[in-house]
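Structures incoming, each one as structure tokens.
Both complexes below contain subunit A, partnered by subunit B and then by subunit C.
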Partner chain A sequence: MTVQYSELIQPERVHGSLYTDQDIFAEELQRIWYRTWVCVGHVSEVARPGDYVRKKVASQDVIMTRSKDGEVSLLLNRCAHRGNLVCEDQRGNSSTFRCPYHGWTYRNTGEMLGYPYNQGYGGKGKLSLGLGRVPRVDTYQGFVFASFAADGPSLKEHLGAAAGELDRLARLSPEGEIELTAGWLQHRAKANWKLLVENETDGYHPQFVHGSVFSVTGSHIGTLYSDKSTAVTRDLGGGHSENDLRPEFRKMEPMNWFGTSEARVPDYVAKMRALHGEQAEEILIEGAPHVMVFPNLFVAEISVFMINPVAVDETVQNVTAVQLKGAPEMNRRLLSQCIGSVGPAGMLLADDSEMYERNQRGVTARVPEWLDIRRGAHRERVDENGFRIGAANDETGMRGFWSHYRSLMEGEAQ
Partner chain B sequence: MNQWIIASEFAEVAVSLDLDANGPRLRLEDLRSGHVRHLDALELESIAWAPDERLRELIDPSAGRWSDRADDADGA
Partner chain C sequence: MSGVAAQTGLDIREVEQFLYREARLADEHDYDGWEALWTDDALYWVPAGGDDTDPERQMSVIYDNRNRIATRIKQLKTGKRYAQSPPSNLRRLISNVEIVTVEGTDTVVGANFLVVESRERGTTMWAGRTTYRLRRAGDDIRLAYKKVVLVDSAQALFTLAFLI
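Now for the complex of A and B:
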């Protein structure tokens, strides 16, 4: 039976089955995860020729490699012979991969290099087989994106206005580049992936879910999302959304966005001022973005998340600390703050994970059938750039997400 | 004897400097099979200068160790 998404996704409410229905999840894989641009990793994870890391795009096991000539490839981790996994380690350095089952050997570009006892195939070079390649690979600010669709919008078109937020992250580095080299934590949540995505720019929950953390640490984050906050939630189009906290940060001193002051990171500030002159003030005040890039890249100022669906009710959230190239003084602090908030015993993600999982259990209840996403719809407005914005704790981002989701799920399948 | 292990999920090789001969050699030991090869300075220089294609030929499993031609079979 064909799902009528226009019935399940309405302007101010969405149906609970969207989080629990196996058929819908299967359709999402085809129409979103194996079609649109999905963030897989960052070029800094394979910095040197021969480097490789294993990644996931939904259930697809992908090897990200860097060849001798510097090209980054995304290969499917499946031997062309019998379909065995070729790579087992999560990361390593090898110009070639040899399947442990029968020894078929590939270059790290996916090209077949050779196979044992080749007379059984009529000699050397007789098989025009190689590792599967993700059809389209592109990068933006070093983030590596994959699209399993041979055709479709370019990465630049897909990112749209969200690209500017990634630019804003990169410009915090004195060298204009971020690196994701601190290692990844994998947080498994028994929840549908969309509950995580919606939560990322939900400014309504922090004061409740994270209230205890804010009270203990004296963090100012809670007030950024209060009713008095001048921050806005912005629908960036294309399913992307952000909590734009800059209106609040602009009332503060440089580096306050990071919960610190210039005096604590003098080398970094000096470097940035030398590099950017007067514009450094703006960069150091406005700080990093809080943006959810559809469907799976979330930048939460100091942390980067890549969300990967495992099953209709299971998701892995890969988390790492932002590292700014050329800013060792900042990087130590970024790492410790990231560990404190989303590390193994991190306070923020522990709170959120509890909510994701409770939410998943809750939506299985038969009534009421709907989830409400109307908050702030009556006070939504359009900003000077034509984007819909709401108050800091409005559900403008969710409505943008669902609008784009619906267009992908209803459109012609590719 | 100083020894380094160069290992990946695909191979594990112990590398050391061998001074037993009249001149120094690099000693390579495939730790999975025990197979040993020594490389002298000129051989190492040749590897350093060998085109990638030549190295790739060596990595072809049928090039030696897993060859089914009797005259090639010198490996484990």
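Now for the complex of A and C:
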């Protein structure tokens, strides 16, 4: 039976079955996860030639490698002979992969190098069975993206206006580059992946879900999403959206976006001022973006999340701290604050995760069938760049996500 | 190392009794009682991705100094730390207790643990090895350091919001 997505996804509500239906999940894998651009990691994770690290794209076991020429590849972890894993270690450095089962070997770009007892195949060089490769790999600001579709929009087309938000993150580094070198926490939740994505875009929940930590730390984050906030939620198109907190940060002093002051990070601020001159002021005031890049990359100022679906009701959220190249003074603080906030024991994310899981249990109830996404629809407006924006705690981002989701799920299958 | 850590005078039985008490306070969400065990220079560390990471450069599940332990406890006590409200039902076993070495005034102790956590999501088993640094304070013992290495530290973990 064909699912009618136009019935399940309406402008102001979406159907509960989108989170629980096994067939829909299977179709999402084909139409989204193995087709559109999905973020898998960052080039800094494979900094040197020969470095490799294992990644997941939904259930696909992928090895991200860097060749001696510096090229980053995404290889499928599956021997061309009998389908065994060719790489067991989570990370390492090697120019080749050797399957332990029968000794077939491959270069870290995927080409076959050899197979033992080659007379069984008519001699050396008779077979040319390489490792599977993710057909399209591209990077933006060092983020590595994978598309399993041979053709389709380029990464630049896919990112659209979201690219500017990744630029905004990178410009916080005195060297213009971020690094994701602190390793990943892998946080597992019994919830559909879309509940995570929606929550990332949701400026309505922080005051409620995170009130406990805001109250004990005196954090100002809650007020950024209050009814009085001048921050906006922006639909960036292509399923991407941001919670643009700059209108609030612009009322504050430099570095307040990070809950600190210039005096606490003098070396960093000096470097940035020397590099950017007058423009440094804007960079140090506006801080980092809060952007959800469809379908799985979420940057929340100091933390980078990559969402990976495991099953219709299970998702792993990988998270690490932003590290700014050339800013050791900042990096220690970024790491410490990130550890306190995110992951399985994080003072923010553990409560978010609890909400996704309760949501997943809740949506199995038979009525009212729908989840409501109308908040702020009546007060949406178009900004000077043509993007739809809503108030700080409106569901503009969610509506943008669903609109793009629907177009992918309804379009011609590849 | 014999049963008595000679320089610090901590006996293995006394050490065990302390570990069992710490475990019970955590299991029963006696947050004030648990927090009171710590020294002022406390460090509470749950590494991720193995047991030999550098916590100053790499992500950890928990890496709390005394100040952050206090924040964590305060958050739990608001009753709105939803990941522990309602709280998990917990019981843990502490076993294979060994006095490993003595460093200055601290006795370094190792032990294995198994925690069974029950909450609406389901029942989860958490196992691993803990390294403690214990310090005598008058008639009491205080906890200066607790490093919890989960056997699953390299795997994806469910929310771990109770005191492990």
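Note that in this section the second predicted complex is superposed on the first by the 412 of 414 C-alpha atoms of A that agree within 3 Å, B and C clash if a C-alpha of one lies under 4 Å from a C-alpha of the other, contacts with A are read in each partner's own complex, and residues count from 1 in each chain.
Note that in this section a residue touches a chain if its C-beta (ideal position, glycine included) is under 8 Å from a C-beta of that chain, and two chains touch if they have at least 3 such contacts.
Computed from a predicted model, the values in this text were never measured in an experiment.
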Clash or fit (per the criteria above) of subunit B with subunit C on subunit A: fit
Touched partner set for A:T217, first subunit B, second subunit C, both or neither: second
More subunit A residues in contact [subunit B versus subunit C]: C
Which of subunit B and subunit C A:M355 touches, first, second, both or neither: second
First (subunit B), second (subunit C), both or neither touched by A:L185: second
Subunit B versus subunit C as contact partner of A:M347, first or second or both or neither: second
First, second, both or neither for A:P153, with subunit B first and subunit C second: neither
First, second, both or neither for A:T320, with subunit B first and subunit C second: second
First, second, both or neither for A:C338, with subunit B first and subunit C second: second
Subunit B and subunit C, minimum CA distance [Å, superposed model]: 16
Of all residues in subunit A, those that touch subunit C in their complex: 90, 181-190, 209, 211-213, 215-217, 316, 319-321, 332, 335-336, 338-340, 343-345, 347, 350-351, 353-355, 357-358, 361
In the complex, subunit A residues that touch subunit B: 68, 87-89, 92-98, 103-105, 107, 113-120, 124
Interfacial residue positions of subunit C with respect to subunit A in the complex: 46, 48-49, 53, 56-64, 68, 71-72, 74-75, 78-83, 120-122, 154-161
Subunit B to subunit A touching residues, read off their complex: 8-11, 52, 56, 59-63, 66-69
